[in-house]
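The letters A, B and C name the chains in turn, as written, and every chain counts its residues from 1.
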Amino acid sequence: MLDKMLKNVYEKSPIVHCITNYVTVNDVANIILASGASPIMADDIGEVSDITSICNSLVINIGTLNTRTIESMIEAGKTSNKLGHPVILDPVGVGASKLRMETTLRLLQEVKFFVIRGNASEIKAIVNENKTTSGVDVSLEDIIDEDNIDKYIDVAKSLSKANDTVVAITGPIDIITNGEKAYLIRNGHESMGKITGTGCMLSGLIGAYIGANPDNILESTTAAVASMGLCGELANHKVVEKGLGTGSLRTYLIDFMSNLDEETLMGGIKIESR
Amino acid sequence: MLDKMLKNVYEKSPIVHCITNYVTVNDVANIILASGASPIMADDIGEVSDITSICNSLVINIGTLNTRTIESMIEAGKTSNKLGHPVILDPVGVGASKLRMETTLRLLQEVKFFVIRGNASEIKAIVNENKTTSGVDVSLEDIIDEDNIDKYIDVAKSLSKANDTVVAITGPIDIITNGEKAYLIRNGHESMGKITGTGCMLSGLIGAYIGANPDNILESTTAAVASMGLCGELANHKVVEKGLGTGSLRTYLIDFMSNLDEETLMGGIKIESR
Amino acid sequence: MLDKMLKNVYEKSPIVHCITNYVTVNDVANIILASGASPIMADDIGEVSDITSICNSLVINIGTLNTRTIESMIEAGKTSNKLGHPVILDPVGVGASKLRMETTLRLLQEVKFFVIRGNASEIKAIVNENKTTSGVDVSLEDIIDEDNIDKYIDVAKSLSKANDTVVAITGPIDIITNGEKAYLIRNGHESMGKITGTGCMLSGLIGAYIGANPDNILESTTAAVASMGLCGELANHKVVEKGLGTGSLRTYLIDFMSNLDEETLMGGIKIESR
């Protein structure tokens, strides 16, 4: 079924509206294009409603949050909700400042999200509604492994149920749940944490997948997470083989995404259902 | 003659002032540098007049338009006009929102542009002054081919005459016209549409070419369009040969631009004059 | 000793708060990650104090300066000063506009900087407090060589003493001084000037090094400058060998940084103490 999710992206070529940070926006656009979808970035309050209306999905990412664009996020979210377009939230570094936490809680209150994706520190911070001391990267204590996986599945399910949304916690093991069912993905490679924006890129990619598969949010999100992990794995393998580094890793990640087909995805995916 | 246009860029090394979007700005800066010119990005109303005064040309790109920078665009445009510096407009996604359309029409009224460059959907939207339903990428129905080329030449000429400016419509076949004469360029490759910002990069590159050749806007714009198409073609060839993808395509595009010389340009250009 | 500076970066993995321009921000984040540190970009007045409090150092870069973020720079700088975090200023294109010069002088008055890094044109402009006619790239007349090196050492020392800060002038020969002692670095390659943001990346990297070595600002800044020069040199060598261009140069620069170890640094560094 996940192969169908991928196929729908390049066949339907959804337009994905992103209100995102200026650090990783270029990579987000390029990975959305690599998947076969079409990105449009627009954040001015004067146009976000117009823009989101011609799109198939909306990605809200709070990295480099600023007061000018918070209202744009709310307005775009509400317009998307009215139109029934799937919306995803990426609460980048939500534990790092009061502004990010308050904005995230306000977004969760005023906009209905179809997916929330973050690393373990971010998702934990939202569940606990507290300011942590970590930055935008996951805290060492929050790295998901086989020993603590059950705890994080519970965290994900709890946030999922509280907000009636799919939740994806990504890390060494990825968890995707709709509150009942959970998928675990064991693709990816730790070197992906050494390039900026792999999380943002994944959220953009989920935007493409849910835009093309609006009736299947859990499975399309899972397919996006698996695609990203697999492409990161393949890219890392190539980098190691050639003795290169993280600059090339970023390039190859997008290369593999642009060439990803159903067969490669289904052959490489390491998925478990719980 | 087009080889002379290219040579002037790296010999005169013009400074190009860009007020552009935050999605593709890094690639725009890198391709301007690759051509031998020097970019400077500045968009605050408090400095755009100062900045544009020390530059040789100005690029205005309305991707990620915001109300803060619209006034900066107008002011920089007027200062450039007073100084006689060539100015180019890239109306990214002009049909996607009322804000983009109104801003574009206001810019056309208050600033004299030397070049307008867009894809077929964008140029058509301006000519018809209407909101379309496409995003920042060209609509499928608007892809220029041998059958509809005459229609698009007319569209380009009509916008050119109405605004006394060179118009470049870029796509599978590129059209560059001053309202009378038209050049068609058949370089490039469709894979270029799979990386974000090839249009923005080209507009930045035109900024470099017209900055170095202010007395020859039609031919220098044509040379920039041909350079971009040819480098995209060469980059695509290398990507296919090596079995890579769109991440590498972007890298090689800039590689080829940084190595482009007169001989390669004149040997690879597929140009027709009408 | 410089090898210890490098080792501390990947062992301590400091968090580096950057308020920087949107042109090169992605490369800045990636080179900080490549060094083993962790970047966080945040520029809204509502969160900069929170953010900088959880970081180990602060980078202020005035490229694409805008009135919204000037106050954020001041506030973040003051908070960092209170906490004793090292702060670095990158006065990008300070001579290019009145706004940049006035902001730089205000920053120097209100914030205590531990390091100021710029090209020769920028540092000269600050010392003379005047508007020049160059853009963000160094003026031809300001390129440091063996003949004028003594003059630029004096310029660097004078700015260093006036502001009680380490000053780094980077170019063909780099000068790093605390007003008394000066290190000269002869690594790097002129092709680095053909990719945007090598200066910004270096300032980000210095942020990582001084964040990991707050008690040793002069030597850690020198180690960062040498690392950048050496990686640029190695990247350029590889590009020439493979017949590539500036797109690949940028990728390889980050590749080499992500693989840089103490042995490579100490084996490749060309340093002189004055």
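FYI, a contact is a pair of C-beta atoms (placed from the backbone, for glycine too) under 8 Å apart; a residue touches a chain by one contact, two chains touch by 3 or more.
Predicted, not measured: the structure shown is a model, and the values here were computed from it.
In terms of which chains touch, the assembly is arranged so that all chains touch all other chains.
Annotation: the chain A:chain B pair of sequence copies touches via predominantly different residues, less than half of the used numbers being shared. As a whole-number value, the distance joining the C-alpha centres of chain A and chain B reads 32 Å. Looking at chain B, residues 22, 26, 68, 250-251 sit in touch with two or more other chains. Taken in their complex, chain C has these residues touching chain B: 21-24, 26-27, 63-68, 93, 96-100, 131, 133-137, 193-197, 244-248, 250-251. Of all residues in chain A, those touching chain B in their complex are 15, 22, 25-26, 29-30, 33-34, 38-47, 50-51, 54-55, 68, 250-259.
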